[in-house]
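The letters A, B, C and D name the chains in turn, as written, and every chain counts its residues from 1.
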């Protein structure tokens, strides 16, 4: 049960904050932060209890249960989500009032925002704790839904609405693909429970198709090429959203999935090689874009794409440092995002080219963000150093080409981080008002954590090992320490610093050329493809809509013609086609046939009838002829009824004609009889089909019908007239229903033709 | 022509109604039943509308309250169908039951089917008369409806 | 007999469909009446081969299937009720659109659709 | 609770309401109370339906075939429950949204409820037709509710096209009787097992087309966009949420239960029609400007999903069809009602129902779609699985484009507390089922348990 405690506390945060917010707007953030810290405390306590699992019944029909796990991976990611979450919520207390004021929205909306952030945090904790494929997907889509609401929080802003929709569709679509993969695996192994799936997969590796589906879901979430383009657009969201979702939470979910499911991927070298390639491409693309982007949130977004590329490479290589990498990256990136938000709030600017020289006015922020930047670019004495160490370690085992790629990547990271920090704080002095303390404090806390990790790397070893063990299913031997020797990792790190510094120093020389090249290539990117696809679908949709049936006639024909064709086809291809019986016509039938002929003639004549009155008379002529048919067919009850109905109906029709304005009738009449060829064809198909289908049915008459039994029982029903007995007694329920139909029609008539006035 | 049609139609009304009633009563034994009875009675009233006009036709209570009459008819029908369930019978059990003796006065058999058919008659009468009445009311130009 | 009866059913049905496909409300209503008639005819056509005395319970007489008769009666009544409703609807629709022609209905509908498609813009 | 309870209550209530003026508040509340009572009766009946012997009676205690048999097995009761609940929600909505403007509205809604209950409970083919007509006639009369020209236009289209469908259905039932000599469904099943496999093909074809018109899948759907767009929002919710259930129920009852041999032959056709409907509906929904039209096309694609599920071989497909129909019914009602007036609560309800329609957890629609996906993958039908994934994505896009485009997003018009409560309740039901799917899964699994001869 203690496994649930952090989850329950995390789930309780949002409602508690909401309630607190109802009391006083400012209280929501503190309540939320308190709740998440409590959850963090519970997590730490639980950590001391060692690994465990909890299974609760859920949906036995599908053999599903709520399965939670407590292992290194879930602990590490939960701690990350809860810790950063608490800081971001506090930060938003200082950030949102200003933001809402600028957007012209009521200050109360701040509570809604914080509630959503906390809900997202809960979803994230849920995601990393569950131990079931279906539940993984459920939690994954929960994060998608809440991120949609968060990214589109500024709902007046068309750009942020579009960004929200883009991220919803892209991450939603990829997660549905993930679900298809999960379903395939679940069906294949006969369970959705993750430990069982992994156990069974050890003997019977998962199919490549399913793994690719799972990987697509993860790539979409982690904003990797080719699904990366939603992330830069999502920067339209308020900064706390970016700093949480796009550093520690949402994008981490994708890589987390791959780590959680790593045992499935381990034997599939082909899929892993593909992931490796995607990781390197994302790394390169993200880093290069980060080098030229101007809005500083975009720089950070591209950097996130690149950094998760690193993490992807680590997972694909099966390195035990993969969870650690994500966990160290998160506070660095979150701190930088928070810095960016603070700078925007203080200066009102969003682009690197518009700010600079803020180190004098915002000294604490500058210092703290310098630590975060150092962490991101893996300088020693920060925790970030170790994220690159494990990275280089993994690459070094694969060979020089990989090492070179890693070196370039790390060099680029340093270059764009320097560019960002220098762009914000370096350069000629500029004075701005001081930032609110609450805006700076979370950055400082994060910076402190990064420093602590850098100075005392021993603290990181235990969680990193536990997480690696959970990911790879074998005990980990990960070592984190500073070694002052010439091992490959150290050489690569030094090489990367040199490269980064060189790139930064010479930035004016290559920036314009690089931006031109990148601009050129973006024309062929996946974003362009996505837009083109959407555009084509839109055009197809509009074209179909224009072509679609609008006329009542075509709507009727669209029912009758397919039915007719289907009926003809059924008669044409099945053995029914040989079984038509012509039947015999004796002398006794002559009257019947004549009456039928009369009815048919009258029906045909209606088509030629010019005037409405003549039309109505011909229709009633059909009816009376049919009544005659019924009389000759020894069905006097039906005959009597149909005579009376026909009479009433003719009079009603006449009444209707009297109601209609004569000029309109005249006008309609002139226009009416211009049949289109396809109307004739439709009627022909429908009629032919009706003819053949009824002929077929009449050829298969069952001689022994229930009707005979009713005749026997009529006496018991005290009714000499069998038809009356059937109507009122045997099938009386039909008659009750039929009479209710009449009353319902009557209600319709009375409401359509109301006594007094209209409406 | 105009002079003798209205009196004639008024004269015809009562015989038609009596025929309708007999159709109803004899429904269990021979051709007839509630539906033709109701339609016939409706037709008789329709004749009044055609010849004497709406105001004259609405002298009869049954015509003015035709629509509620249909409701009463439906109550009768549903009641006959479902009241037996109170006594533990299946719905649509009519009395006398198959094993019970018939109760009859002369050629007329008393049977709950009669009530059932009576309900039918009222419903059909109500529909026919109401539709006619509403059509008659609307005849003679009215303003157009407009709006989107 | 089968052939003749089903021919008549097919013909009535074809005429009905043809009428429903006309451009005018009254004719559409007439068409539905014809279609209903054709299905009632089909119901009773099932009892043509063995038709006999409907009212007799005496042994040995051929009897027209009473179940089919009652189905036909029910179908007639329901058809009547629905047609009455359709007639009033014809009246109201023509008053609302100022025309008996179905093309006017289409025009009015298209106008609304295009207003919706354009009005909101991108 | 005897079986006739949930049938009798709305019936009698409908008759009583026919006398009263539905515009008065107490009359509307009476109708609401009656429908709620019906719902209660059905819930009461629920355990009996799950018992060894489904509750049944034969009218007048006549022998089987002569009298009409009514029977409430699991399939009947779950459809009846959901449809009545949807009707109840819609009626409450219309009443609290500003009052009913027509005298006969509550009576007609209750008659619609009686007709639907009868359709779901009856075990007699012709009685099915009669109840079907009762529901249809009530819907015909309701379709013009509001009585503006566009409502009348929608009503006219609806009536004429659906009359064709009803005629097809009547013809099919008569042919069934002529061929098998009985109208009792269980007897027809017995006949079909003994008889030749092709004999029921003709009525089967007509039934497919008739229910196609009701459910609105390609190519029988062309009436649907116009009617759903032009009819009043409440009416559209009634038609799409409750009445369309007749189509899915009818296909399950007649296709799977009564004529499994015909169904076996129709499978390829159903798959093609289903796939076409899914594609057609989703693509057309994509760039519509009018939210109602988006919803109309989304419901066409949803109908396609149901058909495709029926077309799959084996049990799981049928379970998926039941789950899709039930979840879709609530989804569509919530969507049509929520888009009516706007406001914060309606927006939230809309987004929940939209997520459910697109199959995003944690909503009921997710489980239904998951079931379809599961059935498709189990059968190795990757093409259909891909189609489901594509449809989910595109409908997500289409529904949320509409969500963002609507003026409500900007204005956030104040919504009446009561209407908000109704749409909230519907979306809450979707979420609760999403979080605890066992009832839906049980319903889907058990509903097809007693049907015909399954492979």
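In this text, a contact is a pair of C-beta atoms (placed from the backbone, for glycine too) under 8 Å apart; a residue touches a chain by one contact, two chains touch by 3 or more.
As the structure is a computational prediction, the values presented were derived from the model and not from experiment.
> Where are there more C-beta contacts: A-B or A-C?
Output for the comparison: A-C.
> Compared with chain A, which chain's mean CA position is the farthest off?
Looking at centroid distances, B is the chain farthest away.
> In whole angstrom, how far does the Cα centroid of chain A sit from the Cα centroid of chain B?
Each chain's C-alpha centroid was found; their separation is 59 Å.
> State, to the nearest whole Å, the distance from the C-alpha centre of chain A to the C-alpha centre of chain C.
Averaging C-alpha atoms per chain gives centres 45 Å apart.
> Provide the C-alpha centroid distance between chain B and chain C, rounded to the nearest whole angstrom.
Using C-alpha averages as centres, the distance is 24 Å.
> Roughly how far is chain B from chain D, going centre to centre by Cα mean, in whole Å?
Each chain's C-alpha centroid was found; their separation is 35 Å.
> Can you tell me which residues of chain A touch two or more of the remaining chains?
Answer for chain A, listing residues that touch two or more other chains: 550, 552, 556, 560, 636-637, 641, 645, 648, 652, 656, 659, 694, 697-698, 701, 705-706, 710, 713, 720-721, 725, 727, 729, 731-735, 738-746, 748-750, 752-753, 758.
> Which residue numbers or ranges of chain C touch two or more of the other chains?
Residue numbers touching two or more other chains: 20, 25, 28, 42, 46, 55, 67-68, 73-74, 77-78, 81-82, 84-85, 87-92, 96, 98, 105, 109, 112-113.
> Going through chain D residue by residue, note those that touch at least 2 other chains and give them in order.
Residues 11, 15, 18, 59-60, 67-68, 126, 130, 133, 137, 140-141, 144, 147-150, 156-157, 160, 164, 171, 174, 177-178, 183, 226, 288.
> Are the chains arranged, by touching, as a line, ring, star, complete graph, or other?
Shape = complete; every chain linked to every other.
> Inside the complex, what are the residues of chain A that reach chain C?
Spelled out, the residues of chain A in touch with chain C are 550-553, 556-557, 560, 580-585, 589, 592-593, 596-597, 599-600, 603-604, 606-607, 612, 615-616, 619, 622-623, 626, 629-630, 633-638, 641-642, 645, 648-649, 652-653, 656-657, 659-660, 664-665, 667-669, 671-675, 679-680, 682-684, 686-688, 690-692, 694-695, 697-699, 701, 705-708, 710-711, 714-715, 720-723, 725-727, 731, 734-735, 738-739, 741-742, 744-746, 748-749, 752-753.
> Give every residue of chain B touching chain A within the complex, in rising order.
27-33, 35-36, 39-40, 42-43, 46, 50, 67, 70-71, 73-74, 77-78, 81, 91-92, 94, 96, 98-99, 102, 109, 111, 113, 116-117, 119-120, 123-124, 126-128, 130-132, 134-139, 141, 145
> Applying the document's contact rule, which stretches of chain B touch chain D when the two form their complex?
Against chain D, chain B makes touches at 68, 71, 74-75, 78, 82, 85, 89-94, 145-148.
> Along chain D, where are the residues that touch chain C in the complex?
126, 130, 133, 137, 140-141, 144, 147-150, 152-153, 155-157, 159-160, 163-164, 166-167, 170-171, 174, 177-178, 183, 226, 229-230, 288-290, 293, 405
> For chain C, which residues are in contact with chain D within the complex?
Per the touch definition, chain C meets chain D at residues 20, 25, 28, 32, 35-36, 39, 42-43, 46, 67-68, 71, 74-75, 78, 81-82, 85-86, 89-90, 92-93, 96-97, 105, 108-109, 112-113, 116-117, 119-120.
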